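Listed below are the structures to be examined.
Look for chain A in each of the two complexes below; its partner is chain B in the first and chain C in the second.
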Partner chain A sequence: MRQKQLRLITTFHTTADALACEKACKAQGFSGRIIPVPRQLSAGCGLAWSCEPELEGEFAGFLKEHQVEFDEMAVILF
Partner chain B sequence: MMGEIKRVYLDNAATTMQKPPCVVEAVTAALTSFGNSGRDTGGHALDASRVIYEARCLVSDMLNLGNPKQVVFTCNSTEALNMAIRGLFQKGDHVISSVMEHNAVLRPLYDIEEEQGVSHTFIGVDEKGRLLLSDIEKHIRPETKALIFTHASNVTGNANDLMAIGKIAKAHGLLFIVDASQTAGVLPIDMKAMNIDVVAFTGHKGLYGPQGTGGMAVREGLEIRPMKSGGTGVLSYLQHQPEEMPTHLECGTMNAHSLAGLRASLNWLTKEVGIDQVHAHEIALAKRFYDGLKDLPVIHFYGDYDTDQRAAIVSLNIGDYDSSEVSDQLEGDYGISTRPGAHCAPLIHEAMGTVEQGMVRFAFSWFNTEEEVDYAIKAVRELAADV
Partner chain C sequence: MDLAKNKTTLLISGAILGLIAVILAATGNPGNMAFCIACFIRDSAGAVKLHTTATVQYFRPEIAGMLLGAFLIAVVTREYRSTAGSSPMTRFILGFIMMVGALVFLGCPLRMIIRMAAGDLNAYVGLVGFVAGIGTGIVALKRGFSLGRSHETTAAAGAVLPVAWTFLFILSLAVPALFALSESGPGSMHAPMILSLAGGIIFGIVAQRIRMCTIGGIRDLILTKNTDLFAILAGFFVIMLIGNLALGKFTLGFSGQPIAHAQHIWNFLGLYAVGFAGVLAGGCPLRQIILAGQGSSDAAVTFVGMFVGAAFCHNFGLASAAASAEAAGGPSMAGKVALIIAIAVTFVIGFMPKKK
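Moving on to the complex of A and B:
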């Protein structure tokens, strides 16, 4: 298994939200990628966005600015 | 003659037979590359998810909905209309609709009358099949909850004034549901300016996408009770369908292969060719066909042909010939595909007095040519000469 790293994980209510997040991030040059929702955040499946933990302070504002709804945001080892 | 027969497809109000090459390419590519959208984060599944999301964005932009999450995909407009009509009303409610509607609206309305106690009033039409717009307000009651109107009749091609109906809906606090089966991708629809709450659309007609695609655009904040529940790929431990749109109204594996085709056709229609240009071509062909036959007294036309704000449909009868007989002869002797009969719209045929005879419907697309129209004119003139 690869070594776990600290990542800022954002979860969403719908797949469409995750795709909206990816689209906004790509357009604005934010790095990151879609991953399966880590089980420690939710047991209910779905897509999440994983990016550098340093973005924690600004990412929620970025998503709100681009009208992307999200569920939770947490820095975890993944 | 049969071996040499020309093939002319003029049943585009049922389905546009010819699609842009980009649609065929998109479906083919999807069939060999897509995983299950929204179900995992592998590249193949994400490709499917991304294409579906892009299709939502294109629909939202086309209808000025303002939020791609409010675009729900179904297998056609009939399913979307059923979801809206069965999922919005309570016992004792009343809705206003019209005799111009397709059975995709009429049958759910008859059903909820019996099953849910939701009554309805149908607004009539004039001698040219035009909606009696001024009658709508006369039938609004305290328990009236919605106006449900087609944008354009699939029989006469006549279009309704959505801006005017939307104003009535707003003035009386009513929901406004539009069946855009014949007009999505054909005539402009602006949900915000027209005060529309739900637009039901199908992918395989004026949007030039594959059959099995369609959906509805739902005004943000409007709750429609789900007709189905099941796997969503999210919130798996919830016992009921999630509340968030579009998941609230979508479950099971999406038709991603066909939606890839719809995304391609929406892109082609709205960004490459342009809706206005496609409609201008289609309506010019319809007008050419009408003008080529209107001098024949034996032909009876149905609909208002004095305006371009209509679907590219020309419906007619030749004398008192059975429309099925005419359509069959057009197909057999000339290779021209048309649609006879009742067109799943019984009330407009009752209003136009054509229940027994039906009508022969000619419907034109971007891929039809003036040469094909002239050939159809010649065919109808030859048949009419026998009357």
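Moving on to the complex of A and C:
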């Protein structure tokens, strides 16, 4: 079984925003991957972006720069 | 107990839901139907006389139970969030389209799994269409399709559907003469009320905790390679399969299946429409009920779209006929035309050029 580790999880208001984030990250070589929204963060069933917690400060700016609106960011064990 | 702790607990949770369906089928619900969201919404629409097809009229306690179960558990776990404002009328149309597709196939995606577990090969044809529809929806999402974000609204707004539906259900028990009740056909076949209600409540609670969604399970598999939601469906399928084998209700084949037809192209297209419209609406018919229960007015509008859609399907002869010894069954000409239009409308919704 995969070992859980601290990750920076970014959730979005819409699935389109999550996929836009993935597209921007892949194009710019920003690390991370798209995941289903962790249950402890939302009762929804949308998508989220998971990346290293150290990127917390930088990632919000990156999303703003690429005009991707996000809901919240949280560092959790995932 | 955390039902969503890991894949094993998700698999077990899916199996518990499958067991509920097996028990309800064994105690009176129609064969191979057991726990079909589309069929139960359609029967409920008939019960309040939105349509007058005499064989499919019964205010199904399962739907009331699911809404109530999801609502109560969301309140208890503080996950109740009253939200609204994400393209309500488009959601209404998508709900309507899901119901047209489901009633051409003769079942929602949950019944597709139930039929698959009973050996109905027509359901496997439907599965191919369902996955293709989800795939088309994902392409639309990747091209930027969005219904827009929802916003927090007054706490009471999100409770309107669960409360109103519970009121209707109590009314159906207190003054049954107000409601239509089938004397023959699928609507007349049902488990004891208290068992159906309890099954629905437990189903609603568990499905809310584990985020069960037939579309989400396949969408996540395609988009993220994550199998969490798929594990639930697998657990549901396996327990249904075991139940059918144990009860001698497993019959492998295209013909002789209860409340089904073998018109392959229409089985494919019916669930194609459900998968496609469901991805755009953010969840399958089952998931819409759970989301509505936990406070989403947007999901409630999608539910109402399905409810009205079911009535239209029967009033305008769009629902398919089941195959019998005398007839091959399948959709009417009106049903075929409606489904083609429904798919075309879904394409327009999903691929309409965005304003820059």
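As a convention for this text, the second predicted complex is superposed on the first by the 78 of 78 C-alpha atoms of A that agree within 3 Å, B and C clash if a C-alpha of one lies under 4 Å from a C-alpha of the other, contacts with A are read in each partner's own complex, and residues count from 1 in each chain.
Here is the rule we go by: a contact is a pair of C-beta atoms (placed from the backbone, for glycine too) under 8 Å apart; a residue touches a chain by one contact, two chains touch by 3 or more.
This one's a predicted model, so the numbers in the text were calculated from it and none came from an experiment.
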Which partner does A:63 contact after superposing on A: first (chain B), second (chain C), both, neither? neither
Would you check which partner chain A:41 touches, where first means chain B only, second means chain C only, and both and neither mean what they say? neither
With the two structures laid over each other on chain A, which partner does A:15 touch: chain B (first), chain C (second), both, or neither? both
In chain A, both chain B and chain C touch residues 13-17, 19-20, 23, 34-36, 43-47, 69
Quick one: in the complex, what on chain A touches chain B? 12-20, 22-23, 34-36, 43-47, 67, 69
Quick check: in the complex, which residue numbers of chain C touch chain A? 4, 6, 74, 79, 81, 141-142, 144-150, 208, 211, 213, 216, 220, 223-224, 226, 228-229, 282-283, 287, 291, 294
Complex contacts: residues of chain A adjacent to chain C: 1, 13-17, 19-20, 23, 33-36, 39, 43-47, 69
Touching chain A in the complex, chain B uses residues 37-38, 40-41, 46, 49-50, 52-53, 56, 67-69, 233-238, 242, 244-247
